[in-house]
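Below are two complexes that have chain A in common, paired first with chain B and then with chain C.
Here is the complex of A and B:
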């Protein structure tokens, strides 16, 4: 190609190839580093768009060739299959779209449960690992290393097989014949709401609101006067004691549907499937182990002088951890925690291996029955993407809230 | 002018996408001949239908059809590339051209035939969905299963039949969806579910794997029609014809008494004109299909006729020990029936 050799100095190029009459000169434009950059960027964009257009056209052409129509209309067709765990109304006569919703809610359920317990497990074990007690710190250390180094799919299957190894349904373990445990899961009594039960529920809500108010008041008073108010006890009285009193005063308006042993299964009450329990345990211990390390690193990142200073002020060890170390450690802990939460949510799609009916499990069935592969996969992606972005948004907000306020 | 050019470019791109992206829509036969191997989609492992023998070679009732087709088209029953597919991956694999034919216990339904864009070329096994349960349950019929937990493989027509059966009979159940047959057996073995449901042939195969097989029973109800057969992509009629008539040749061979042992001798000529037409001695049926005259001879020589394949892999000479039942020839009380070679 007869292009002039690019030069480091654009002015030199201009000198060598003077333009006549100010007209557009291709050779000159090419030697201009900035113009060349723009040309390459345009070429790049055109290339990317061309590839994207090709993929879309190819897909649509292939779909037409196969006699399929691309689109999301199939979501309104009847699903014709059943789902065993449904938090919203669903039957085999519902639509594919409804089935997707049921699966999505199941994913959110296990993700929320997993995040909550993983956080608790992570914080407890993270603190324990720094314990001065040799035995405690070593046992926790071994557990952490074991758990986070074994693939999570194996752990899910392990917990599933563990659940299957529980007593069979006819030999269920039970607590006073009300709560049952067997290899078909856990069965709990479910509440039956009678007249007046709304008042009891309202009292519980009122109790929670009142406790929050008391806490704010107590903190203000402590800041002002230094006197401590027992918020915990007051809260217990407001949230548990008061509703109980109302419950008995109204003549026990809440009844319970207690599970009974029937020919095949226990019937009545609510059932928690072993698949949910297995997935929940596996995800929360696996992610909990990672969080444990994050918590440990966060605590170690707080200067030792802080602990010593707290000791000098006469704070007890628990108070030092709660009031001095953890608030500072949180700033180190929260950002990596976000990605752990996201991992947990995404790992929940491994549920398909043990038959927990999350969005992927349900979606795969829909895919197979309807043949709309690309649409179903795109729905998975949209679902996980929005779930992850929501989690990130919340964690970023929280991170900002606990950030060091500099005066 | 400019717009026109863009539209033209888009049309070219689309045309390229069609030819470049969907291989072999028009002439699968040419593609198979050019590749020198038949890409056949089979199960990931199902006793009797598709399994590996002690030499690691794929074998079984569904596999035998692939070999017969390869023998008819390519002249060598061993020129088959087997692609193992799950219930979920089988349809995308066929639609995308990853395989030339799917021979994997696939139920012929309207939506698959029409909506998914496939052509079923016949039925090689008439099956139906049944239940297996422990005798200790004291259940005589599937209609007594109110409140039971039912293990089921996901992504199959059995899932839909199950929902229909319980809906029609107005009884409740807890579906326990499982990804594959092995896990379903494990769950059933651990009594995670009271009964396990799949095609009756699969239940028989599963039952043979239990150490306490006599403590389990297959319920008498067959709740669905499951005509299983091979299928190809829609739109290539020549290829569909070849696949269809290879299967018909295997069935007709049983009816006409042509076996793996005597097919070579019969090909030299018999006094039955239909055999002569099928085996290429008379007429030009091979040419009509785009093959040579000896295609059916090779297909039958590969694994024998339908009866020989059935008995060897799933019938009385196999561990499955399935009776011919519906799969006997129409002359013998079954519904197996091949259109004539005329």
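Here is the complex of A and C:
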């Protein structure tokens, strides 16, 4: 029996270039995966370009009809609206561009606050849920499941309604007469900087830098000699103790302006809007519940043998957690945590539902005033895309640092 | 005296003594689970304190001191919750502005979903042969039931609302995002550079921006992008966006699954002279999808919760109905928490159910650890 000639087997053609020399055979070329690939990709490019041209032509026509001209020049026009939640100088006479900046900073503000508290909430509840204590693990479990499975938008509006239902200013709830809660938000003491306060703040910074240096030195010494240096205590002394000493030595230059309950209003201090509080609470509990699950599964992923080995080496329980379990768990925890941080940042755009003036809600006002829809929405997207890229770049760097180094 | 007297051991076993009362039974359980260490004691006391602080007022508010009957918020004068709206408004919560005499169509569409999904998931149901065809035809049947046609009165899509809107948007997204996600994941791992580039750009772009900005694109930009004569239905646009949004996340979940399949499986497919699609369908995808189940279900849950975002662009899903009632003159300020509690329960039941089912499915499909 003769063996089948290779040409009769379509798979055999795959690794050969399509016949170029003698007579181009379409049917045969079609059996070649690469030829099909090239044709398919060309078709894809043509399709995408056609759609793009179609959209651009329509857009030009529609913009012309509306009497608009495409471009970002409108960013230099006067905004004519107020933003009450702002961290940088802004007035209704400022430009649209400035308004965007205020909104962007507000988004970053709530995202940073949310990420910080969500991480703390997540770690604490994640560890508590693994507790041997029946009651604690159940209560935390019910909380996590409920928070995770209810839409975040509902939770944001819920906390907002809750903040607005607080007593009026005249009946403000107070915590030790320093922090006041009412339906206009939260009033906190604000620092007053007197002469010499800069020195205190500088000492805190110096303390942080010194702690990092001590840590590096202690690690080197431990690697070389095996002797352990109490970095934690040293750090506490440097970051908290030293500035406190300087603070008293300079005659307490940093005071606090504590809000005082007056007849009709609260005086002094700094106030946080109910919208910011609501958004912050909702985002940090919602994301915290997700992080809690990540932390729990990360700790469970560390095999029991590791804990037992640590016990055999004579490490105490706290040491086992800190030196053996957590470093290994972090490898599992960090990658999904990154996407939770990104989710929190993106979910902060739901602020528009309660009127917290983040970039989306400021942009919405600008869009309605100027009609420059494409420009505004493209700015949103550029903003969020660059935030995403920055966050994931940072987390990738951190992940590389803690990842298992293999040969 | 014989040697026997000096025997140190007994000739017979003594009867077993019961375990100490403090280490078995209720007392033992309490000791090991609530008071094992000082920290545990402290945690128990804090938890009991917390429960005592929260639970009684919560139960009082929700049930005992609640008002159940009344025509408007003015009748709710008690300290507890106001449930008087429930009777007149529950229909709107579930069906939105869907015509009342067509409720049965929405009900039927939801009921038929059960066999449609059942035949897709379980192979050993009776009439499985026809069941598969039913599953395939279900989207069409459901669309006709919900929107109308074939002798049924037409229902305008802006009459959709309430929980039915969440279900319709969510289920459409779930059904369509899986195949699109699979294609995108395969595209991202394709050897064709242009296909790979498009897939990566699409996935990363969608995942990099919030859903709400994409909804703005659908509502504000789409009319600018299209000729003036063309107008797409608002609900359709929203569903397309939600589907595309979920597909990008789905693609990443499935890519994770694809990457976990050893290279040998792909090569085995080639060695058996299977084409690309055959080897994907028969060898790679079944394994990849199986290990991605938790991620896929999580994406479904996220998608379902995200359907609430439609209120921002002016559709009234269950959250929108709650907001409508909260801002209604008759009920103003009386039903804020009550309506949200009900809406939250709707979502909790479905999302929690899905996540429990995925854990169950994971265990059942786990062929490795036996």
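Here, the second predicted complex is superposed on the first by the 333 of 407 C-alpha atoms of A that agree within 3 Å, B and C clash if a C-alpha of one lies under 4 Å from a C-alpha of the other, contacts with A are read in each partner's own complex, and residues count from 1 in each chain.
The definition used in the following text is that a contact is a pair of C-beta atoms (placed from the backbone, for glycine too) under 8 Å apart; a residue touches a chain by one contact, two chains touch by 3 or more.
A quick note: this is a predicted structure, and the numbers were derived from the prediction, not measured.
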> Of the two partner chains, chain B (first) and chain C (second), which one does A:134 touch, if any: first, second, both, or neither?
Replying inline: second
> Given the touch rule stated above, what does A:365 touch, chain B (first), chain C (second), both, or neither?
Replying inline: first
>> In the overlaid three-chain picture, which partner chain does A:153 touch, first (chain B) or second (chain C), both, or neither?
In response: second
> Between chain B (first) and chain C (second), which does A:373 come into contact with in this model arrangement: first, second, both, or neither?
Replying inline: both
> Is A:73 touching the first partner chain B, the second partner chain C, both, or neither of them?
Replying inline: neither
>> On the A-aligned overlay, A:169 touches which partner chain: chain B = first, chain C = second, or both, or neither?
In response: first
> Once the shared chain is lined up, is A:183 touching chain B (first), chain C (second), both, or neither of them?
Replying inline: first
>> Let me test your reading of the model: by the given contact rule, A:232 touches which partner, first (chain B), second (chain C), both or neither?
In response: neither
>> Going by the contact rule set out at the top, does A:65 touch chain B (first), chain C (second), both, or neither?
In response: both
>> Just to be sure I follow: which residues of chain A are touched by chain B in one complex and then by chain C in the other one?
In response: 58, 61-62, 65, 165, 352-353, 367, 373
> Okay, in this complex, where on chain C does chain A touch?
Replying inline: 32-34, 36, 40, 43-44, 47-48, 50-51, 191-195, 198, 205, 207-213, 216-217, 220-221, 223-228, 273, 276, 301, 305-306, 308-309, 311-312, 319, 323, 326, 336-337, 340, 343-344, 347-348, 351-352, 355
> Where on chain B is chain A touching in the complex?
Replying inline: 10, 13-14, 16-18, 20-22, 25, 87-88, 91-92, 95-96, 111, 114-117, 137, 145-149, 154-156, 159-160, 162-164, 166-167, 173-179, 183, 186-187, 190-192, 194, 233-235
> If you look only at chain A, which of its residues touch chain C in the complex?
Replying inline: 11, 33, 37, 40-41, 44-45, 48, 55, 58-59, 61-63, 65, 128, 131-136, 139, 145-146, 148-154, 157-158, 161, 165, 346-347, 349-350, 352-353, 360, 367, 373-374, 377, 380-381, 384-385, 388-389
> In the complex of these two chains, what residues of chain A are touching chain B?
Replying inline: 53-54, 57-58, 61-62, 65-68, 80-84, 92-93, 164-165, 168-169, 183-184, 262-265, 267, 271, 274, 352-355, 357, 361, 364-365, 367-369, 371, 373
